[in-house]
Structure formats: structure tokens, C-alpha cells
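Have a look at this one before I ask anything.
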Amino acid sequence: MSILDSKIPSGPIAEKWTKHKNEINLVNPANKRNIDIIVVGTGLAGASAAATLAELGYNVKTFCFQDSPRRAHSIAAQGGINASKNYQGDGDSDYRLFYDTVKGGDYRSREANVYRLAEVSSNIIDQCVAQGVPFAREYGGLLDNRSFGGVLVSRTFYAKGQTGQQLLLGAYSAMNRQINRGKIQAFNRHEMMDIVKVDGKARGIIARNLVTGEIERHSAHAVVLASGGYGNVFFLSTNAMGSNVTAAWRAHKKGAFFANPCFTQIHPTCIPVSGDLQAKLTLMSESLRNDGRIWVPKHQKDAEAIRSGQLKPTELKEEDRDYYLERRYPAFGNLVPRDVASRAAKERCDAGYGVNKTGQAVYLDFASAIERYGKEKAFSSGHKNPSQDEIIKLGKEVVESKYGNLFDMYQKITDQNPYETPMMIFPAVHYTMGGLWVDYNLMTTIPGCYAAGEANFSDHGANRLGASALMQGLADGYFVLPYTIGDYLSNDIQTGPISTETKEFEQAEKEVLDSLNRLMNIKGDKPVDYFHRKLGLIMWNKCGMSRNENELKEAIEEIAQLREEFYSNVRIPGKATAKNAELEKASRVADFLELGELFAKDALDRNESCGGHFREEYQTEDGEALRDDENYRYVSAWEYKGQPKDAVLHKEQLIFENIELKTRSYK
Amino acid sequence: MKLKLNIWRQEDANAKGQFESYDLDGIDGDMSFLEMLDVLNNNLVEQGVEPVEFDHDCREGICGMCSLQINGEPHGPDRRVTTCQLHMRKFKDGDTITIEPFRAKAFPVIKDLVVDRSAFDRIQHAGGYISVNTSGNTQDANSIPIEKENADMAFNAATCIGCGACVAACKNASAMLFTSAKVSQYALLPQGEIEATERVLNMVEQMDKEGFGNCTNTGACEIECPKGISLENIARLNREYLSASFKG
Amino acid sequence: MSGILKTSIARKFAMALSGLFLVLFLAQHFTINFTSVVSPDTFNEISHFMGTNFLVQAILQPVLIFGVVFHFIMGFVLEIKNNKARVVKYKNYNGGANAPWVSRNMIISGAVVLAFLGLHFYDFWIHEMQVKYLQGDMSGLNAAGEFRYYEETVAKFAGQPVRLGIYVLSFVFLMLHLLHGFASSFQTVGFNNKYSKGLKVFTKAFAIVIPLGFAFIAIFHYINNL
């Protein structure tokens, strides 16, 4: 038996959660008043957990590095949130949502967790509507749904292209209610620097006040990490600039196992990199693939002419274009899952067919959608013989009504008009499925330390489906963690307040101060970004959309070297005892420099291709991913042993009792 | 592109600040305004000078963290964008750009261009929510039908990102557009009606307490709002407030 | 009163109501004045009525004076409060980029109108008060036994280019004040809906026509008596 106990309840899958809730220990309301909980991160998972825990009666302290909880990066999610409401009557059910999620994740997620996610998904929508989230509605006044990639039903609830914003503001408003009641104390512009363990249990954190630079001790009976994903290890990603792995990584160093670090989602429709000094990539909603056709030139000479600006894409004849997704995957076409679409774009660009200056872009073309919609519109408005110009004009109006805000955003960023010339897109790092290992109760391998949302590894396996991240964050925060945490805290009702004046806190604080001083005292000559950019390039080139043994080994070497260079040559002006954005960055990049190595090590261990993890050695003859269920049907959970290269692998075998393992095919 | 930057530098909340000027070369029109500042900052670090602090996070125009008064306008000369989505092609080679923090008594400067906008949070604490429990709400979502027009208007109000450009643009540093957006979102939904009276009174009271100015309907906030929040919301806030006052 | 006017919105509401009241008064004042261009007799009769009617003098007049005083005191109070809301000013404030001059400078246009009111009171109102209440002459007649109002009014402009100039300039500022203030008061009382567009056109037209009309009357009498 592995040292990992996932604590999955027994019984049929549809009854596990109910049974579990009935059987776990609870804390009575009077005792909850004597229990403190720290929540790190205030995105969907953190804010919803904080609000619910406070409502139940616990004393909650929240921490976020932004100036307000409302700014957490959940806010940037565009498309929507899935729920198996079956309002459209198209045959949706908890089981179908469960099945789609497990299949979409390429069979590398835990069945029981995913089923529970599907089970509570409906309740999320009820909850959000009750708290005033303005979801899109039909003229009849009822909620509207849209469909998303990789599934056969319409189960996605949305609020235009700002679903994440509306859901986060909903959770933030629930937090505000508790702040007003005095049940939540919000520590904004604070960064968690370390977790404090007392007698092996998580009993508090060390935080840095980012305004004053002060190091603070905060105690609690349990610590919830809802600090998001680590996509910024790639430097360029669609994550926010401040998104970081620090909270999760420091917990990892204190004993929390890190699971599946190499499972990263690379989103196919982002705006391509425009220059060497770019700091951030922007996502264009996946919904664009419903109407846009993806192509590159069929002949290399045309691609070269386009790159050098001698040829315009609109001048290229239909037969000289290669609609490669439609060619390779006739059944799903442009709507294949994200990992498949991303890899296909990379394959074409690597082969020399890429289209922008750097050759790292493909076209997303709306010309045929404009024509099709234009004809439909002309027909439905009784216009019998429309001219081509009229058709195009009508078609553009339809496309504008559907995607106007996205087209505007594209034009603002690239200065090109996507109604006239095809958009250019390229894949970019977007989400990390990996994260802290948690059991069914969402507890990490540190007793009393929980992980929720993107920070944990639990529900998406090797690839996440669209509109599922919001669902998971809120499910964890509103409906799972507040119950399961009671099971652990029921042993703490007589503990009383945890003192911060103990040697454990003192020691942890000292370690934090030492590490900050170490960074400040390097006094080298390169800014933090220099190292972060270099790390990003190694990650992107060698641990990105496709990986191989040699390059992964190189990456491990190079990252270790870069880390050394960082610790000898980074330069941080200013003081540690005041606001210092460079120091904040340095402290985060230091953790990325360790995580990156573990990431590569994990990718090297996994000798198979699954979901977002594509190993070049393991592919079919026509270049599709080749999974190895016999040898790799497990969660890799890494234990920290001083250096990333020394990390020890623990395997949680995945058991599939309710879903038959199959090869994903989208052909 | 070559630029001259006049930037407000202030060591901390209590320090006296001043403008510093910097010359910057090699800026490309495709860069965002904040990427331009990244370049400046990396140059400064290499010279051992403390970089210019500014707030930013998502760089997609949605989190509301970035601010900056650029050449006298919040989020710069472009419309319907935040500073992070402002691109350098809006400027010309040789331009002088003045960059100041958002200025308001209720937004004290923390350092350089970073200001404290927690006043907005406190306005929300005073009533920016619907008092429903988050755990175990069992009423089906579709049992509350809402007229599409109202739902859409509520959504439009709810798209406020809380960046504070309205306050920064307003000659009176008034926070009416921000407050009205939240009040409107809930006033337009049946879920929000129950607490409407108390909500509007409490939020306005808190808004005044924070030291924001009075709205004089200049409309600057609406023009500068990166999300295009409409002045209609302010009229609605006035209505809601007046009727709530009469109700007592 | 301070109780009711404790919050920013209540203060603005009071400001809007007093402003709307003054707009009504302006319309009334203009209508009466305009009769001086058409028919001196009518002007005399109405003036006499307004000047001697108990209701107008004892009730409406104090209300009006209160309205004016309240409006300008509140205007200054708001200005001071608003100024305090931004302690450190911008070095570079491009106000013209997002709001028209008239909206941003109500205090200037208001102050000019206020100064003008001083002159206007000195010209007409103080004289009236003296004659009627200090000298006790409620007849409204001059030495020749005719109504004095028309000739007194005309006399203020005949051969008085400086006064005329000040009046005309003041009317321009009144126009600027009204261009923002009239429409703005509807927004403040919470009126912003599908009718607002039409209302805005009306308020702008009013803001231009009424001050121009006042100016026309003054110029008319000046030219008529060259």
C-alpha cells in the first residue's frame, strides 16, 4: 500500500459523496467560533471557501497579493461554467458530465472526485443566481446555455465573455458580507511566504506585507491554499503577471506532495507573440473556433512570401490553403480538444508553414463564416438576389453581434482588422492541471493543509475541458471543502487559540527572512525578468507542447544551471523592509526555478503521451498521442527531498470502475 | 521609438514625491504601455536604480489592477481600454509622456504610481452583496425568471472592474459611477430588491465617509471608463437613494 | 437642515431642485421683460402688478431670494468639498479630453452670474425697495403721473454702452451655466431614460434662447435710444 491514502469512500460512485457527508465528523456551531482558518488566495476557490467557512461560523483570514480579493485571475476566464442542469433537455446528466470530464482528461483523474464535481455542479448555478450573478438569459427570462469544445450537449452557463469576472465578483460579494459581519479578516497586498507546522500539522503561515515589507505571523487551526496554477513558469502565459507557485511550492517544501507537475494546458487560440520584450499573452475565447477555420499555406514558398510581407493571406487561392485540422480530423474538424489543436498548430509551424514574422502563427479565418451568415441573413430577410458585397456586409454584422468584443480586443492588440484579414493565433500556456496532491477531502499530505481550485491536481487529469475550471474552483470552495474540513477540525475543538509566540513560528519566520536577505545580498547585475525569461524559453522549447527524453534531460541541467546563475547574479535594488516589486518577483521566480526542474523530471518519468503531455517517443504512426494505461495509469506525487532532482516519486494508482478506458479519437 | 517620460516618484505614503524624467529608446508600437514600463524598469535595475512601482496583474483589461494617469487622462488617450491594453502605437516618436498616480484623497499614494484603492472595497463591504447563504442553497436557478432586458442591464453594470478611472477622471474625485454600478446591478434584479433600501443608504454613506467628492454630472467618468459603464447608472443610484431616503 | 443635507446625493438633489426653481423664475422674468420690446404699456402693468402684489412681494420674493442664496451658498460648499476630495492636484490634467468646459467650470460661470446679480440688484431691486418701502411710494408713478417702470428700465441702457456690455457678457455666462446645469439637474433627480435625449435638446435650446433673449432686450433698448 502506498503512503498515499486518497480516502475515497466506498460504495457506488453516485452515492459516495452523500455517504461521505453523512459519515464524516462535524464541528458544532458553538465550537466553530473557536476555530480559525487561513485561506491563501481569493480567486473562485479561495473566495468561495472563505465566504462559506465564515458563514458556517469559523473565523477566517484571507490573504491575497493583489490590492483587493476581486482581482484574482479567475476574473479573466471568458467562456463559461459547466453544470449538468439539463435545462436544454438534450440528455445531459451528472454521469455524462463526469464521463466527458474523465475522457477529456485522458483518463488521468480520480473518478470519485470528478463524479462529485459533476454532482455539485448544478448547485453552483443555483447558488450564483441567488447571489445576483447576471448570467445570460433567453427572452423567456430563463437561463441560456452554449456549447463548448469536446462535448455533445449544451451545458455551459455564461455571462457574455466575462463569466469568470461575474462569478468571482459573486464570490467576492459573499466575502464582503462576511467581512461586514466581522467573520472574515482580509489581508490584501500580502504574500504567503511559508507554512508553519506545529507537531506535524499546518498551524499557520508567515506572510509578507507587500506595502511595508513587514514579516507577519498568522496562526490558525487549518490552512487552505487556493493560490492558483503555475503557468507562469513559462514566463509567457495567459496567467496574470503576479500568478505564482510560491504558496504551493513552499507547502511542498514543508511536506505537501506535488502531483503531476508536467500536466499543463496549452490553449490553441491566443494572440501570437509580437516581440522579444513581450510580457504577457492574451487568450481569444475558444468559442471563436465554432465559426473560424484554421489554416496555413499549403506551399512553403507562399508561407515565406507571407512572412516577408510580399503576399497577403486574402490573396491566397482556396486550393493553396491547408485547413489542416479539417484534413486531419474530419469528424471534429476545427473543434478538436485544446491539446490536439495546439499540437497540430505547432506541427505545421515547425514544418515551416507558420505565418507571422516569426513563423509562429496560424490563421483563424472568418471569411467563410461571414459569407455563410451573410447568405442566411439575406435569405431570412427576404433578399432574393443579393450581390456579393451585400452578403459580406450582412455577414459581418452577424459575426460582429456574436464576437464583436473579441474582434475589438484583437484589433486593439494587433492593430489588424479581423473582419478584413484572417486573425493570427498561436498556442500559449493557459492552465496547469497538476498541483498539490490532495485526498478526497482536499487535504494535502500535510495534515490540516488543504488545497482547492487550480492549486490542487484533482479533477482534470491530463487535460482540462473548456468551462470546467470555474466549475471546479467553485465546487471546491462552496460545496466540498467547507464540509470535509470539519472532519479534520472536529479534533481541534478543545485546542484553543494557536500562539504565534512559539519556536516553530520563530524558526519559520527566520527562514523567510534569511531567504529574502539572501536574495537582497546577491547584488549581481541582471534583473529578475532576465532569468524568468530564460527559464520560460527552456520550458517552452523543451517542456512545452511536445517533449522528448533528450531535451527533458537537457532542460533539467539547464534549469539547475540557471538557478545557480540566478543566485549569483540577480540584482534587486531597494530594501526588503519596504514595498519592493523586484523582490516580490525574485522570490516567486526562485520558486519557479525549482518547480521547473521538477516539472521536467515528472515529464521525463512519464513515458507515455496523454492529454497535454506529449512525448515524441510515444505516438502513433500518424502522430497521435499514445497512452500507456498499463504502466502509467497513476498520479505522480512528488515528495521534496532538498533539491528538485532528489524528489521522490509516490504513485497513486488510478482505478476506473465506472468508465471504460479507451483511446481518445477525434478523427 | 524614442520617448521622454516624466514619472511621479514617491518613496512611500509619507514621503514627498517629485517628478523624475527618463529617456527611453527602442520602443516598438506593438508593445503595450506596461511593457514599455517593464523595459524602463529593467534598464533602471541594471543601473542599480529602484524601478518604478506600478500596479498591474492580468494585463488583459479585466482585473482592474492597473491604473496610471497618462498625459492627463486615466488609462491614457485611447478609449475603452485599461492601461495594460493601451499600445505604444498611440504615441509618436519623440513624445513626452507624463505619468502620474490616480489622484484622490480617498486613494492615497503607497509608492510611486501605486495607490491604495481599498476605499472601493469598503464601499462594497457596506452593502455590495445579497444576503444569501453560500452553502446549501437549494432553490433552482430557473425558479427566478428575469426579464432579459433587465438581466442585460444588470450585467452591463456588473462589468465594472473597480479600477478607479472614474474617480481619477472626475474633477471632483467622485466615486458615483463605481457605487452606482454595483447598486444598479442589484437594483435591477429581483434577488437584490429585498435589501435595496438599506444597501443604497449604507453604500452611499460609506462612499461619503471615504472622502470622495460630489458628482456634478460632467460625464468624464463615463468617457474614461474602460468598460463603458453608463451614466444612467448614476441616475438610477440617485433615484434609488432618494426613494430609500423617503422610505427612511 | 444640515441633517437632510448630510450626504452628497442629498446635497446635489437640493442643488438641482433650487436650480430648477431658478430656471422657472428665469422663464417668467424673461417673459415679462420681453413685453418691454413689444408693448411698454403691458410691461408697465405687469411690473406694477408684480411690484405691488402682496403675494408676490411677501411670499414669492423671499422664496426666490432664499432660492438664489441657497443655490450659490450650496454651490460654493460643494466646490470646496470637491476641492478637498483631491488634495494633491494633477500636474497634467487633460479635463477637456473627457468633459466640456461648461461642465467643469460651473463655479466660474456661477460666480460671474452671481457678480452680475449684485449689479442687477443695485440697478433695479435696491432702487425699487427704496422707493416702495423706505419712501413708501407704492403708486409706481413718476412725477408726470405715468408708470415709471418702462422709462426707468430703458434709462439703464440708453447711452450706457458699458453697462450694456457687462449685461451681455453676463448673459453669455448665464448661458454657459445653464448649458450644463439645466440638463444636469434632471440627471441628479434621477431622470435618465428614453426621454432624456429629447429633454436634453430642450434644455440646451432653453439655455441658449433665454440668455440670448435677455441680451436682445438690453441691446434693443440701447439701439432704440441711440
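Going by the order they are written in, the chains are A, B and C; count residues from 1 in each one.
As a working rule, a residue touches a chain if its C-beta (ideal position, glycine included) is under 8 Å from a C-beta of that chain, and two chains touch if they have at least 3 such contacts.
These figures come from a predicted structure and were not determined experimentally.
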### Message
Report the chain ID whose CA centroid sits closest to the centroid of the full protein CA set.
### Response
B
### Message
Relative to subunit A, which chain's C-alpha centre is the most remote?
### Response
C
### Query
Which of the chain pairs holds the record for C-beta pairs in contact?
A-B
### Task
Return the distance between the CA-based centres of subunit A and subunit B, expressed in whole Å.
26
### Between subunit A and subunit C, centroid-to-centroid distance (C-alpha), Å
63
#### Entry: Centroid distance [mean C-alpha coordinates] between subunit C and subunit B, Å
38
### Query
Within the complex, which stretch of subunit B touches subunit A?
11-12, 28-32, 34-35, 38-39, 41-42, 44-46, 48-51, 53, 55-65, 78, 80-81, 84-85, 87, 89, 110-111, 114, 116-118, 120-121, 124-142, 144-148, 151-152, 154-155, 158-159, 161-162, 185-186, 189, 191-192
## Note on the structure
Contacts from subunit B onto subunit C in the complex sit at residues 6, 8, 19, 69, 71-73, 77, 98, 100, 103-106, 109, 169, 171-174, 176, 204-205, 207-208, 211-220, 223-224, 231-232, 234-242, 245
### Message
With touch defined as at the start, can you tell me which subunit C residues reach subunit B in the complex?
### Response
7-13, 78, 81-82, 84-95, 97-100, 103-104, 106, 180, 184, 187-193
### Task
Spell out the residues on subunit A that touch subunit B in their complex, using ranges where they run on.
48, 51-52, 55-56, 66-73, 75-76, 85, 87, 123, 125-132, 134-143, 159-160, 162, 165-166, 169, 172-174, 176-177, 179-180, 186, 188, 211, 238, 240-242, 274-275, 277-280, 282-283, 408-409, 412-415, 478-479, 482, 525-530, 571-574, 578-579, 581-582
